[in-house]
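What follows is a group of structures, each given as structure tokens.
Same chain, two partners: subunit A is paired with subunit B first, then with subunit C.
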Partner chain A sequence: MAVSPLLPRSPSNINANMSPAKAKSLTVRNSSSASASTSGKPTQPKQEFDLAEKMNEEIASKYVKGKKLGEGTFALVYRGHLRSDPSHLVAIKKFKIPSQPEQRSEGLNVDSIREIKYLQELSHPSIVALLDVFSTKDETINMVIEYFPNGNLEQLIKDQSVAYGAADVKAWMGMLGRAIYFCHANFVLHRDIKPNNLLIAADGEVKLADFGLARGFADPYANMTHVVITLWYRPPELLFGARHYSGAVDVWSMGMVFAELLLRVPYAATMSDKEIAQLETICEAVGTPNEENWPGVSSLPNYMEMEKQVPVRGRDYYMAKFPTAGAQGVDLLMAMLKLDPNKRVTAKQVLEHAWWRVEPRPTDRENLPKQGGGAEKMGEDVARQPGVLADHDKFQGVARRLDFAALK
Partner chain B sequence: MIEDDIYRSSTQYRYWSYTSEALASLRQSTNELASERVRAAFGRIRDAKKVQNAQQSDHKSGEGVEGGQDPAKDVETLTVEEELRVVHWGCSKIIETGKVTTPPIPMEIRATAIQFLRRFYLTNSPMTYHPKQILTCALFLATKTDHWHIPLSTFVDKIPGTEEKDVRAPEFLLMQGLRFTLDVRHPMRGLEGGVGEILKLFEEKMLRLDGPDPKGRVGKAADRASQFLRVAAQMTDVYFLYTPSQIWLAALMAADSDLANAYLASKMDHLGPAAASLRAKLELTIRSCADMLSNYKSEDEANEVEQKEMKKEMKRIGRKLHLCQNPEKMDLVAVTKQKTAEKREGSESDKERVSKKRKLEREKLERDGDVFGPSLKNSNA
Partner chain C sequence: MVMSGMQNGHIASEADDICPVCKNSTYLQKNLRFKINTKCYHRICEGCVDRITSTQKKCPIAGCTFAARGVIPRRGEYRVQTFEDLAIEREVDIRKRVMAILNRREEEFYSKRAWDDFLEQREELIMNLVLKTDVKKTEATLSKYKEANADSIKANAALERNAAAQFESRQTLQKEQANLRRQAAQQTYEDDRFHTLTAGSRDVKAGAMEVIHDDGPVSDPSGLVKGLRKLRPPSPEKVYDPFMGMATTRDYYGLQADYPSMRLTKAKNDTRTRAGGFDFQAYYDESLLRAFAGLGCFIDKEKTGQGPPATRELATVVAAESLPGRINDEVF
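Then we have the complex of A and B:
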């Protein structure tokens, strides 16, 4: 417990820190050029730097930008590496800005602002690491993030050449669960959890990315928008237009990811972009919301009585649908997919669930399957068909024994 | 209880917390750098004029905008204290500006904007960028970072003399000065939680309160403390020097020190003698923060003589700032344009246009006379 404020701690990331000593040294460097101009030699303003500009320059020069990797709605993503160590790869996400400043009517786009805001605060092994932020002379902002050569979980789920089993699912769910718990403990809602936003790191770790829709959930004022989270992963309270909601929205999405990992197809996919269609899909997959299973639901802003009446799916239904999850896995899945957000488990309760203590043990990170077959384990090519998941327990058992043998 | 790991991982702690010595030294460096740059800029104007004068016939010499003397030699720059007064003026303008929208911008968002401004001016000087150029941008940026949506057109609608481009132009500069950290941890919510906890402890007889109306007393203390957080905490350096929980405890102590001490005792007594030195240290820290909060006097709270004195001083600083304002950074819209133009084309005609515009703006400013613009007079009235 620190009772007195300290100097800015030496940063765990590689951002240059602003100590007074540093400020001094920068001042000195700058003043020499400034005084040169007063003593007669005209100096171009371009050569002068503010302290902030100077610090920015130092950060920017740490990286070398390489070829373009991809393009999103708000950003171009490039590969890059540390100037001091070319083998240390990074991704440089450069926010797009319309060429004319007048065109950016609201200034810097809010999604970019929030992504920067939250990633700067959240440092966790299962959340993408923001290594640095710097600006370039054309007044664009560049985020330096860790490089992900292995794509995302959506690609991996879809890739029929990749086989994975229950122990792998448990490992990925553990990473996702810890990431979400960490966000919530920091009072941040992610609001866009889906396999596409779960990136696979070089070491096999799955990391939560894309914080453009995130927000703090302790803000007491103003309503929150219900139009967040990709439709298939959006919980029923948002579909009914709730303006006040909690971390339970992320837990629902996490439940949907869990189900999808097990099935290898999205569990509540709707072939329409209508919220009502999504609600019907949820009725079918989980059950029809009503006052009995969800007291208060009928007073939500966009509540409507559903035509499709399906009783809340019971344990037997889930056991039949998700046989590889086991009894405890199904129990956890059902707890994450509770219609009533007040009855849904919290991220903390997810991590405390009995499922983590039963067999199989989660696969060690370095043994997790990857796309491209690099780390595929022998014998693990049973579950190739989407929707079919083989029981890998016996292979996992073998693999674990081999691992232990290798360790000793 | 007071600190936690979550706060330690925040950028507020990692980048924006200082000892008072470190804070003073950083401001000193910023001031020195800006002063030299102001002198250099005036020097360039002088050089340019010399060339111009030499080219034109000599009967025109000495008639420039800056008068006949050597502007670089004579320019008297602001001191650190004077700079701080100017920044404080900007902070109080943010509080006022937040009131003009309908509905008004929530106090906590204005507080975020104020902290943006204060952070920005740790590495930038008002001599380089006048707060009036930055403050509307800081306020608008805070509505975006803190999820209080307002269209820019609606926002500027209510702010006289401000156009959308004036708000947009410094955004990038501001973000850079903020080192791309946009999260501000405020003490207000902590106070609410703390007051709730005090009432609960009281009901459970874990905390003793004297007086005829103990609950009323807590309510009164909470109101006063919250007032400290809304004004004094924004207008002083407490965010740089203390953690949010230290600040709200200090506000409570400034409001009702017996109550704050009783609360601290109820939280720490059970820790036993081992924690005694820790507790003493904590109390000392909170006391010094409380002193800072209660020593702050806003203009409204001052008596007539003091108010007059404050206004006179502000006027003096304003005049001085007017004379040492970096002429090259006066028009941010133009500076931004020039920067992007330099990067893209570097075309001469662009640069010429920009410098012409800059000159116009400068002349306009000189005509207006009052560096702080007319709105300061309103606020003083």
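Then we have the complex of A and C:
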């Protein structure tokens, strides 16, 4: 029980079941014979390795860092693979060191701490798996996560060459719904749900990623920040500056993702980065919040009387706007896009909705559309690594076709 | 060359299409249309069809064997010709009829060999009817098979329609959207189907049948077709569970609508907290879970005096924790 929840998920874990005493003896042995490191990496272990350093070294040497996949403001993402199994691809997210010295003195980036903290705690098929965490010599943190060859849902929505139907949308919403329910059941608010953060795994499963803004549910007297969630997916209570909110904020974002999946364009997209502009967009898309449809809204810190007065959009409006969702789908969407967070459905109620039981049945995971080369592309990459039989299956099929033995 | 004796050498030609009954010709009457009888394949104009079927006459063509036998053609038996060559028209009709009866599917057969044998057998029956050899015997065989296998014929016909409908809808989708993905998916589907067929496993798409025993080939009830597998209808698809087995309740407690707490009164009465959507239920839930989760504490059972927890792992944990001298290094 005292073992970190992180360790069992680490692939081919060599030190998960190792007693501290054994690990220590290993350390002593290794430090006495200077280069007994198991890997081929040219490391020069210091004479005085403490246990933490030794374990870090062991984890870091399990992976081989490959080419750079992407770069963000705070992090670089590399492709990597297991040293022991080059076909086992991973992504390594390396948090950048702040360039300014004054920022550096603040220590680790808060986002990276949040992300590691919550990903360590949450283990679910629809949430990105954190495999390992290690630090490198330049004192940066590296997160090892699953490898996603198929990009994210945003790319898929934008890719006009990819066609998907109501059954596919239902399958993705199921995955997203389960991920959010799992977070909320474990008292974690994600606070940045958007198609861009929904990664498509090799097997078609969509996984919730980027817990950089996540936090635990708060005490009613603790203030939370309202400047979270990407603007287009931010619920009205956060735009009005609410300091005490709940999982309803994630449900709004989920509703926005649902609408975007159906429309293939963001439902409440605003060109300006002003919160007031976003509120106007919401008025247009959902309706204008007022005391009638949202008791107490005027007491929120940043509340303002909206110029644009639009009555809350009714069923007919949604039916015309989202014909592919069907009556039940529209019902669920409307329930997720309620202005008053108290009236909004919870993540649990989303999964209990009748929509899941009506036709069409959600597409099976393996039949979901995936863009790009998918597994094939991944296979090609793998084939370049030594010692891998990527074409193994290809020729098996041929042999089967020419099976004359069955005719005898 | 093409069994011209059968339909009195009557092959349509554009220039002079004359109805053998009323002698009207397309030369004089541009919109003259012809129909054929599906029994004797004699071809007369639509006007004559109306006339002879309403007055209950025999096929009016001289020398028609059906007319000689006194068979009265009904109106429904006349239809528009599809093929120019009536010999082909007749063969296609026979083929359709036989294939609707002998409609076994490839996956029903125990081996490729058995399937091929079946195809050959079917072809032989068809050609018997086409060439009018052993017609009586062949018809008897067919009707015997039809009676004995009524269920299987019906099921296979439904599958066939299903597959056809699926194919149709897929085609329209492709035409509408002209998209590459669906085409690729269908290709994969075809490949998969081929593989599942050749590998001998069941066809998961199209709701095909499932193999029960693999204890050797069997023959159908009438004994005509051999080398079949024993099949049963596929088990119905599992109902989709949106939770995918995730727990929806807490183990140790049930949540009440409200808990009296002095500390929370102020927050509960704060409109800002309320309007922001702060969820007190979630707060209670978290507080209670944090209070009870690590303890393996069954409040109900303790109250009723039912003794230690039933779960084995939990009991192990409790037993380990109650050991004297054990230092609990876990700090909550």
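Just so we're on the same page, the second predicted complex is superposed on the first by the 318 of 408 C-alpha atoms of A that agree within 3 Å, B and C clash if a C-alpha of one lies under 4 Å from a C-alpha of the other, contacts with A are read in each partner's own complex, and residues count from 1 in each chain.
Everything that follows uses one rule, which is that contacts are C-beta pairs under 8 Å (C-beta built on N, C-alpha and C of every residue); 3 or more make two chains touch, one makes a residue touch a chain.
Fair warning: this is a prediction, and the values are worked out from it, not measured in the lab.
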Partner chain in contact with A:Ser246 - subunit B first, subunit C second, else both or neither: second
Touched partner set for A:Ala185, first subunit B, second subunit C, both or neither: both
Contacts of A:Pro341 with subunit B and subunit C, given as first, second, both or neither: second
Which superposed partner A:Ser61 touches (first subunit B, second subunit C, both, neither): neither
Which superposed partner A:Asn302 touches (first subunit B, second subunit C, both, neither): neither
First (subunit B), second (subunit C), both or neither touched by A:Glu237: second
Per-residue touch tally on subunit A - higher for subunit B or for subunit C: B
Touching partner for A:Lys137 - first (subunit B), second (subunit C), both, neither: first
Touching both subunit B and subunit C, residues of subunit A: 1-2, 185, 219-221
Residues of subunit C touching subunit A in the complex: 111-113, 177, 179-182, 185, 194-195, 198-199, 237, 239-240, 242-244, 246-248, 264, 267-268, 270-280, 282-283, 285-286, 289, 317, 329-330
Subunit A - residues contacting subunit C, complex: 1-2, 125, 161-163, 174, 177-178, 181-182, 184-185, 187, 217, 219-221, 237, 242-249, 294-297, 299-301, 340-342, 344, 346, 348, 351-353, 356-357, 361-362, 367, 369, 397, 400-401, 403, 406-407
For the subunit B and subunit A complex, residues of the former touching the latter: 1-3, 6, 8-11, 13-19, 22, 25-26, 29-30, 32-33, 36-37, 39-41, 43-44, 47, 72, 106, 108, 122-124, 128, 137, 140-141, 144-148, 151-153, 164-165, 167-169, 171-172, 175-177, 179-183, 189, 240-243, 246, 278, 281-282, 285, 328, 336-337, 339-340, 342-344
Complex contacts: residues of subunit A adjacent to subunit B: 1-9, 11, 15, 17-20, 23-24, 26-27, 30-31, 34-35, 37-38, 40, 42-43, 45-46, 48, 50-53, 55-56, 101-102, 104-108, 110, 113-114, 116-118, 120-121, 123, 133-135, 137-139, 141, 185-186, 215-216, 218-222, 224
